[in-house]
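These notes open a run of structures that come right after.
Here come two complexes built around chain A, the first alongside chain B, the second alongside chain C.
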Partner chain A sequence: MSIVQISGLKKYFDAVRAVDGVDLAIDQGEFLVILGPSGCGKTTLMRMIAGLEKPTAGQIEIGGEDVTELPPRKRGVSMVFQSYALYPHMNVFNNIAFPLRAQRRELKFDKRQIREKVVNTARLLEIDMLLDRRPRQLSGGQRQRVAIARAMVTQPAVLLLDEPLSNLDAKLRANARDELRDFQRSSNITAVFVTHDQIEAMGLGDRIVVMSEGKIQQIGSPQRIYDDPANEFVATFLGSPSMNILSADRFRFGFRPEHFLPKTLHDNPENSRIFHYYVKRVEYLGSDRLVYGYVRGHDKDLTLAKVPSNVRVSLDIEGDYEFAVHYRDIKFFDLESGRRIEQQNLAKVR
Partner chain B sequence: MGALVWILHNFWSLLVALVLVLVGLRIAWRLHKYGATRAELTYILRRSPFYLVVLTFCFFAAAPFLIMFMHTFKTDGDLYRRPQPFIFRQDPTLEHLDALFNNTAYLDFIRNSVVVGLAVVVITLALSLPAAYALARLTGRWGERAGILMFLVYLVPPTLLFIPMFRIVVLLGLKDDPMSLIVVYPSFTVPFSMWLLSGFFKAVPPELEEAALVDGYNRVEAFLRVVLPLSLPGIISTIVFTFTLTLHEFIYGLVFIADTSQRTLSVGVPTELILGDVYFWQPLLAAALIIAIPVGLAYNLFLDSLVQGFTMGAVKG
Partner chain C sequence: MFRLAYPLDNRRFVGLIFLSPALLYIVLLVGFPFLLAIAFGFSDVTVGDTNLNFVGLQNYLAVWENDIFRQVFETTIRFTLVSQVFILIFANILAVIFTQNFTGKWFARFIFILPWATPVSLAMIGWLWMLDTKYSPIDYLLLQTGFLGPNGILSNNRNLFWLATPDLSQISVIFVQVWRMTPLATVILMAGLSSIPTDILDQAEVDGARFMRALLQIKLPLILPIMVIALLFSMITMFGDMTVVYVLTRGGPVDYTRVLGLYSFQVGIEGGNLAQGAAISLFAFPLLLAMAIFMLRTASRAEVQ
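Entry: the complex of A and B
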């Protein structure tokens, strides 16, 4: 059952097409991640769902109701901003109580109910001992929790998160990711999470929406998007280091560095495509070795291989080796559109 | 009276003594706190030139007030006697203060100035708060242009405008009424306040307002509950600045109001106490001093927010 239904959504800023025709259905209780490089329109899309940006065209439905023309306060959504946007002149308690007080007119919360709700939410996020503090007295991680508590306290239909982890340092981020996911599962809230960080996206999302240039490139589970990219953009945007792309006459093809291994490491080389690989440089990254080199016949395309450190294969600089990729790991793309071509359809292209 | 006479006779020596006592107390306090060690003494000695310079500047800043205070109590003979006008050779007198309060409409001037000032502050805030907010959030080309255009209004000098303005005041039937000033003063206080306030509003991140919008408030509520409390320093400096602007405005006050008891301080005091080329120095200086003290205190109280206000407008535009 989809709680948010977006159809034909467009947003143009003068000549810039920030969001250029997006159709998207967000399911009740799912954790949806919108992933894309900066400037791909993902934040604009989220701001339109929140009602902070007026669409140029298209429709947004939340909970079956057309909210395209409604102001943010009437949409039943709440949002965690990248900078958290905590009110600096209020303490944590009042920050969390702020959205409750706005609703009081319709829902008639009295003081005791507000106190109860704030304390309960704060306890859930383990910030109940900070209620008297001002935002500037809090650490980054605590601020983030306060922002989430403020967004959650009204039990919104949809929780929007705009890169809420990007202001945390790397160690905290992994922790916060884990907690956020747990919290979302246990409260069964629908979350829309915008990020440019593919690790965050892969780790958090039930489904990932990959966006580029205002358009949705692919929607799917993290594994689906990684293993079965719809086009060259998705293929190269996900994965670090990114997929090797080599040009052929009528199409391009690609394979991920971790699938590009010395021939001897493949179980049955007859299922694999063999490449003659010239090694230019090797970086030792601890768990892996990152090999830079060229495939014979494709001297212009730098090709990377990611070879596990624990396999005993010696790779010398300026050496020629036989590398191989399993056929199922080779993806083919259309020369012009970049769209994926299934292997069995390759013949038609040829 | 006897004490005042004694104080005024020994004015400068008392001032020097006061400064010396304060400096001495400060040094004694340091020595008490850190112990009278050799290191501490060298430290005090090394710092003293710095404080000497500071004291000198303080003296220059305070000198006008000191001289105003002194001259208030001088007899005419003493005031005009050369070569040293800064000491008392005749006994001080209170007759000039008495004349200021009883023979001129000084109290009326104060009342008129305060009424006009407060009314203009209220009108200015009512007009410039929403305008400045709109200006701060309309960041497009036209918003900036409109802001500059409105600030240009502030730069048109009242000397160009007072004649046409007078026609308007007469048309409105407000001649000889402080009300006329309440109507006209916002013409220069509003543009300036708007410029000052928009700097403060720009410093409030738009995200905070958006958060309030998502949290269930409309635009006006978001402004009142989030933007306004955060720009309180700016609003206070705007109030102080607007009030001061009205307090020292001269030409409109002179032209629009001929009735002495309806005049404001800035016009009433000089017109009452300067007759042709005769300057009644003592009551003039007393009148200036009495009004300068509360304004000076207010400025000091809000100094930080004033400085913040002006630099914010200057740096962030």
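Entry: the complex of A and C
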């Protein structure tokens, strides 16, 4: 059952089409990640769900109710900002209690209930010993937990998270990702998570919404989006290094560097497309070797191969090799729209 | 061979060059008169006899025992405190209004800043006409609307005598001071309000805070340090001011609107007793110093993030 239903949503800032016709249904209890490069409209979309931005056109329903014209407090949503936006002059307790007090008219909790709720939520996030501290006395990870506690204390229908991990250092981030996911599962809250980081998106999302230029490019599970991209943008945006794209007469086609391997490593070379590959440079990355080179007939498109280090194939600089890609791993794209073309066109590849 | 480039590579030298206008200003126009005033305060110098003879605390004792001085001192403090209350209230309200979005905001801001941008003496002459004993336009309007004149609601007289009765003259002076000082405080508070991160305000909105809660529990506490600075500026300016009363009332009627700055000027320059005039103005110094220290400490302690 979908808890949030978005239809025909648009937001124009003068000439800029920040969000340009978005239809999206968010399921109860799912972890939905909105992924896209900066300026793709993902934050604007989230701010419209929160009620901080008024749509130019379209409709938002939350829990079956049209909330398009309602202020944030009437929507049953809460939000964690990238900066955490903790109130610096309040201690942790008052920070977490703030939404309960502000929504007194809607929630109707008395003092004792507020205290109970704050303490319980703080305990859940293991920050109950920090309740008397001021935000500036907390570490980055602790601040993030306070922000999540404050967002959770009202038991919102939807929790909106705007790149909440990007202010943490790399080590903490992996850990925080884990905890966030566990916490979301155990509380069964619906979470919408905005990020430009594909690793975060792949690791966290039940489903990923890939956005670009104000439009949704594809919605699907992380694996679906990675293995079965709807268009060239999604194909190249996900994956690092990104998918190789080569031009043919009537379309473009692409394959991921990790699928582009020396022919001898393929079990069934007859199921694979063979390319003559000229190796220009090899980077040794520990677990993999990253090979830079050119496919014969496409000497303008730098083509990368990611070869596991543990396979004993020697790759020399300025050497010519036979590389192969399994047919199922080759994706075809329309020249003009960039849209995926199905496999039956395979025969037309030169 | 001397080349300008070498001394200009020296950070200390360049620093000194850049600081020198400020230093010159402070030494010549603040430091020197201040030290001179202290020297005068301990001497018997007058306009007629400019010899500096040391007389110890004699001037200060004489001033302290003077009833007029005590009344002047009290009036100064009263005017300052009362006007600050109104300035703070109005400045907060106006700052909140001017940081909202509405059409004509630019023009409204421009009109509003004028009292502060106008030279004080010029503005005061304007007010002198507005509050004139006989020809005040305010009185005229009140007369036309039946508040004044025979059977008037406020008075049977045709005039209220804005600057001539004990109560009204004080109210008038405080009103004009508030009119003059509110814009600066407002501008400072507006800067404070717009320096609050938008994330925090958005967060408060998502958390469900309505306008008043966001104002009282988020915005005002966050700009408290800046408010203290605004208060400090306007209090110190006002405590030492003499222009307003000099133009409007000359301290009258009797001594009701005589303030420290004016009294010091009248005794020292107009009366010729430089020593006592200096002593009078120096009475304000420890008070202002204490006020400045207290407020700056409060501001730095309240500072967040």
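In this section, the second predicted complex is superposed on the first by the 343 of 350 C-alpha atoms of A that agree within 3 Å, B and C clash if a C-alpha of one lies under 4 Å from a C-alpha of the other, contacts with A are read in each partner's own complex, and residues count from 1 in each chain.
The criterion applied here is as follows: contacts are C-beta pairs under 8 Å (C-beta built on N, C-alpha and C of every residue); 3 or more make two chains touch, one makes a residue touch a chain.
None of the values given here were measured: they were computed from a predicted structure.
Asker: Sticking to the clash and touch definitions up top, decide whether chain B and chain C on chain A clash or fit.
Answerer: Here the two partners, once superposed via chain A, clash with each other.
Asker: Contact-wise, after the overlay, does A:I317 reach chain B, chain C, both or neither (first, second, both, neither)?
Answerer: neither
Asker: I'd like to know which partner A:A102 touches here: chain B for first, chain C for second, both or neither.
Answerer: both
Asker: What is the contact status of A:R150 with respect to chain B (first) and chain C (second): first, second, both, or neither?
Answerer: After superposing on A, A:R150 lies in contact with both chain B and chain C.
Asker: Between chain B (first) and chain C (second), which, if any, makes contact with A:L265: first, second, both or neither?
Answerer: neither
Asker: Identify the partner contact of A:F81: answer first if only chain B is touched, second if only chain C is, both if each is, neither if none is.
Answerer: both
Asker: With both complexes superposed on chain A, which partner does A:I274 reach: first (chain B), second (chain C), both or neither?
Answerer: neither
Asker: Check the residue A:L52 against both partner chains and state whether it touches chain B (first), chain C (second), both, or neither.
Answerer: both
Asker: Who does A:R136 touch here: chain B (first), chain C (second), both, or neither?
Answerer: second
Asker: Where on chain A do the contacts from chain B and from chain C line up?
Answerer: Overlap of chain B and chain C footprints on chain A: residues 50-52, 71-73, 77-79, 81-83, 85, 87-89, 98-99, 102-103, 150, 154.
Asker: Give every residue of chain A touching chain B within the complex, in rising order.
Answerer: 50-52, 71-73, 77-79, 81-83, 85, 87-89, 98-99, 102-103, 150, 154
Asker: What part of chain C is in contact with chain A in the complex they form?
Answerer: Touch residues, chain C against chain A: 197, 199-200, 202-210, 213, 217-218, 221-222, 304-305.
Asker: Please output the residues of chain B touching chain A within their complex, sorted ascending.
Answerer: For this pair, the touching residues of chain B are 205, 207-208, 210-218, 221, 225-226, 229-230.
Asker: Write out the stretch or stretches of chain A touching chain C in their complex.
Answerer: Touch residues, chain A against chain C: 47, 50-52, 71-73, 77-79, 81-83, 85, 87-89, 98-99, 102-103, 106, 136, 150, 154.
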